[in-house]
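Here chain A shows up in two complexes: once beside chain B, once beside chain C.
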Partner chain A sequence: MIQKKICMLGAFAVGKTSLVVQFVKSIFSEKYHTTVGVKIDKKTLRVAEQDVMCILWDLHGEDEFQKVQMSYLRGAAGYLLVIDGTRRESLETAIRLQKNVETTVGRIPFVAVLNKSDLHDLWELDDSQLKALEAQGWNFIRTSAKTGMGVEESFRMLAEKML
Partner chain B sequence: MTALPPSISEYVLHLTMEQQLPAFFVLDQEGRLCEWGGRPERYGISPLNQEPDAELFPFLHGIVPLGDEPVFFPCVETAPNVFADIHVFHREGKNWVLLLDVSADALRQQQMQQRLNEIALQRKPGN
Partner chain C sequence: MAGREADDIPEYSDAEAQATHLNEMAELHRLLLPPAGEAGDDLDALRQLLAEVERNNELTQVRRLLVGPEQDGLTALRTRLEDPRHRAEDIAEVLAEAVVLRSAQDKKLTKALAPAIAEALTISIKKDPKALIDILFPIIGSMIRKAIATVLGSMVQSLNQTLEHSFSIQGLKWRLEARATGKPFAEVVLLHTLVYQVEQVFLIHKNTGLMLEHVTAANIEARDPDLISGMLTAIQDFVHDSFAVGQGESLETLRVGEVNVWIEAGPLAVVAMVIRGTAPAEARLAMIDAIEAIHLEAGEALEAFQGDATVFAGVRPHLESCLMSQYGARQKEAGFKLHPALAGTLAVVGVALVVWLWWGWRDARRWEAYVERLHREPGIVVTFSSQQGGRFILRGLRDPLAVDPQSLAAGFKVDPNRIETRWEPYQAMASQFVLARASRVLHPPPTVTMSLEGTVLHLSGTASAAWIRDAGRLAQGVAGIESLDGSQLKDSDQAEMTEETARLEKQVIQFAVGSAAPLPGQEAVLQEVARHCQRLGELARRLERQVAVTISGFTDETGTETTNSRLSQKRAETVRLWLLQNGVSGVMLQAQGSAPQTPVRSPETEPVVARRVSFQVNLR
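Then we have the complex of A and B:
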């Protein structure tokens, strides 16, 4: 079976762990639980008539005190760059992380995930900034780890890019 | 750097064995598990009669066979509430994997980080 290492990257509290748990176990918890270090999970997807085992590295979030170590990305085939649509600054963190990955690991496939789309009334992201990033080759997908909307599709989109 | 006297290096070794509960695995160039020891059960790993695949060593995917450069993955949760610093390095034609327990530090950091992040989220405009 094809195996692919996928890293979850993003600012703290954007929903990286919730996306993994929703994807792997179809569960959502309202309680926020900070990740330290990394937790590894696995799930098999059927993509382009092939079984792909996704080895999911759920990395701790980046904040002003804690930077993500790029050594975690060794051997990664791709990554999901998670953004909290209700926190504009999480997009800035994502932009910085993406540049950092490209500098240290090189160009590997990624999908930018706009999470918490169920909280649309609190949405803070500016469409023009997203369009500018799309023009640079970013692919966005809206998700809600709470409702499950777009979650499997985001992993599937990344898997298709990695094959 | 001055060499450490045996009494110090023995003390450090004893401390590491007692507190960091090392486990090690040796893989040959083809990635087959040929030796293991220490405390693998601490990390939820039961290597007996198993091929070293993604089930057994998910953290090795994409990095073995290893080049000259060692790889370090800090603070990997290998079992519920068990965290290890994972060192992978090449010696004598083999890949060596060393796990050292850092659970106590990780759980302390988790509690502190949780509080800091909750405060940061409350400071967010509109909250």
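Then we have the complex of A and C:
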């Protein structure tokens, strides 16, 4: 069994925690976010004939009041960069966070998760911008924490990139 | 190397000596073979030289033949010396040996290197302090602990002294335990007051926060240790980021109620211990030992960790050694502690009680021994004995002739004044008591021996007739005697009467020729006669007899018969009169004269005495 530390990063209220809740049953309460800024959960995946235990560090969403503590990313094998498809600014935050991670922790695998993809009507992101990012090596996956769509896949994709 | 301290180092190294030698050789070579360059400046000179060369061509060839190989060698050496890379290679080849050789000689090399090394270390630390910390980490802990242990040792000593003066029942128990186990008293106190259990020990990869290994105490069920490892790491990061703490400092303790989480961080891994209760400092030391040992054993694996924790199974024993616990007697909420004054009083009372009890016990033993002795004493019958409130009570029977019980008490260290007695008199029938009683009644003379046979009193020896007569009568009244046997008893008065009679009848009073007055010096004989007569009178009275002494006077054969008859009568009368005048009584004295008779001879050598008075006793 291989263990990997995975971080969940993203702007405030993009649905990081909802994704985790879909993915795994948590033992810690939501309070951790507002106190220490992180909540830890785990999920075991079977990837490439190997059991991988993902220790998920669900970091507090970044907003105008609270910055993501980059020290929580130390030792992470990869991260999910969660974007709220219905809020353009969450993509900008994601881009800023990704750069931030690259400068403080280094280039580590990540998957950009476009959450709330069930809300087609409210979709704000334009494909051209996403394509430009894909050209820079970003991998996007559409998910819905509400329906569970793409959740498992996003983690699996990240795990495959890490191994 | 030699540049800075050249003054201090006059000797040259092998390499330098070699270089000097080579320089000399090159100079010689130049003199022998001037280089072409020098001549090239001047054409004339060149021409001259060429001519000379031509002239000397043969000579040159000869010279080449002679010194050619040497020249090649020298050229090679020169090239080598001028090339710094070659020089470095040469020195590198011998450097280690040179350092060893020099260090063996003296300390100059060490001195020369010291400032450089110090500077190098300073630069290194400034550049990357972590590298040095990582190098020192496995050993520095034990060094510091050793120093701290010394300081703590003296602290414990003083704590010990403080505790020495406190007194409690519990303390007394612990003090005994300290003596039994050989531990300092303070340590025993701490051990008893600390009750704890290390429930879980985590080994966490420092960088990733991933759990590498986890052990739990036998009775503990752990929930998601990998998540807790992550959370602990997150909390540490949070504290570290949120509060301005120094580099290398980290969260060491978390505490909620009686649960403590101790965290000890090494450069690559963290050991966290979940403790219920208050753990002693040794637990922290065990953690530090564990983390150091783990870094020593698995340092490389920690550095290369990529998520596979199975390689750390080997460090489990180190973590298990941290699973300490102490299930001692929990200290009572309000420790029973006596005020010193009260404790002192209690101690005094306790001692007094012990002494008092011991005294009582001792008195009882003595009393029992005394009563036992009285039971064995003849003439005493103890019917009741008891000890009441420090007084002894005795009831019973006692023969008046028996020993005084009070006088025996002293022998058993029983105070006679504390004994209350009531003895009923009785007559003991033991033979010694019967004999004692008989003796008190009969008053036997020393010549009489008494013995008892059953109820018969046997008497033997001699006694006066009167005593014998009285004894027969008195013995009837003595308890324990029914009859008297006096057959072995002799009458002493009768015997004496016979003796006295014989003595008196041997006495003779002498007279001068024709005189009725005794010869001078006969006074003593007269006194003797008087004593015998007196004694005879007494004996006769006791024997209830009458005694008469006939005093006979005699004359010699000279003179007439009438005269002699009268003279003999007169001599007898004179003696009778003298005896009466000298107090002889109770004896009938008869004086009679007689005709001259055959002189009386004394039994032995006495001359014949005719003129005399002699005596004859008659008992009626």
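Just so we're on the same page, the second predicted complex is superposed on the first by the 151 of 163 C-alpha atoms of A that agree within 3 Å, B and C clash if a C-alpha of one lies under 4 Å from a C-alpha of the other, contacts with A are read in each partner's own complex, and residues count from 1 in each chain.
Operating definition for what follows: a contact is a pair of C-beta atoms (placed from the backbone, for glycine too) under 8 Å apart; a residue touches a chain by one contact, two chains touch by 3 or more.
The structure displayed is predicted, hence computed values, not measured ones.
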Touching partner for A:R87 - first (chain B), second (chain C), both, neither: first
Chain B versus chain C as contact partner of A:V36, first or second or both or neither: both
First (chain B), second (chain C), both or neither touched by A:L122: first
First (chain B), second (chain C), both or neither touched by A:T44: neither
Partner chain(s) touched by A:I2 [first = chain B, second = chain C, both, neither]: second
Touched partner set for A:T104, first chain B, second chain C, both or neither: neither
First (chain B), second (chain C), both or neither touched by A:Q69: both
Partner chain(s) touched by A:F12 [first = chain B, second = chain C, both, neither]: first
Intersection of the chain A residues that touch chain B with those that touch chain C: 3, 5, 32, 36-38, 40, 42, 53, 55, 69, 71-72, 74-77
Residue ranges of chain B in contact with chain A within the complex: 54-55, 58-59, 61-63, 71-77, 83, 106, 109-110, 113-114, 116-118, 120-121, 124, 126
Chain C residues within the chain A interface of the complex: 205-211, 223-224, 226-227, 230-231, 234-235, 237-238, 240-241, 306-310
In the complex with chain C, residue positions of chain A that touch it: 1-5, 27-28, 32, 36-38, 40-42, 52-53, 55, 57, 69, 71-72, 74-77
Residues of chain A that touch chain B when the two form their complex: 3, 5, 12-13, 32-34, 36-40, 42, 53, 55, 60-61, 63, 65-66, 69, 71-72, 74-77, 87, 122
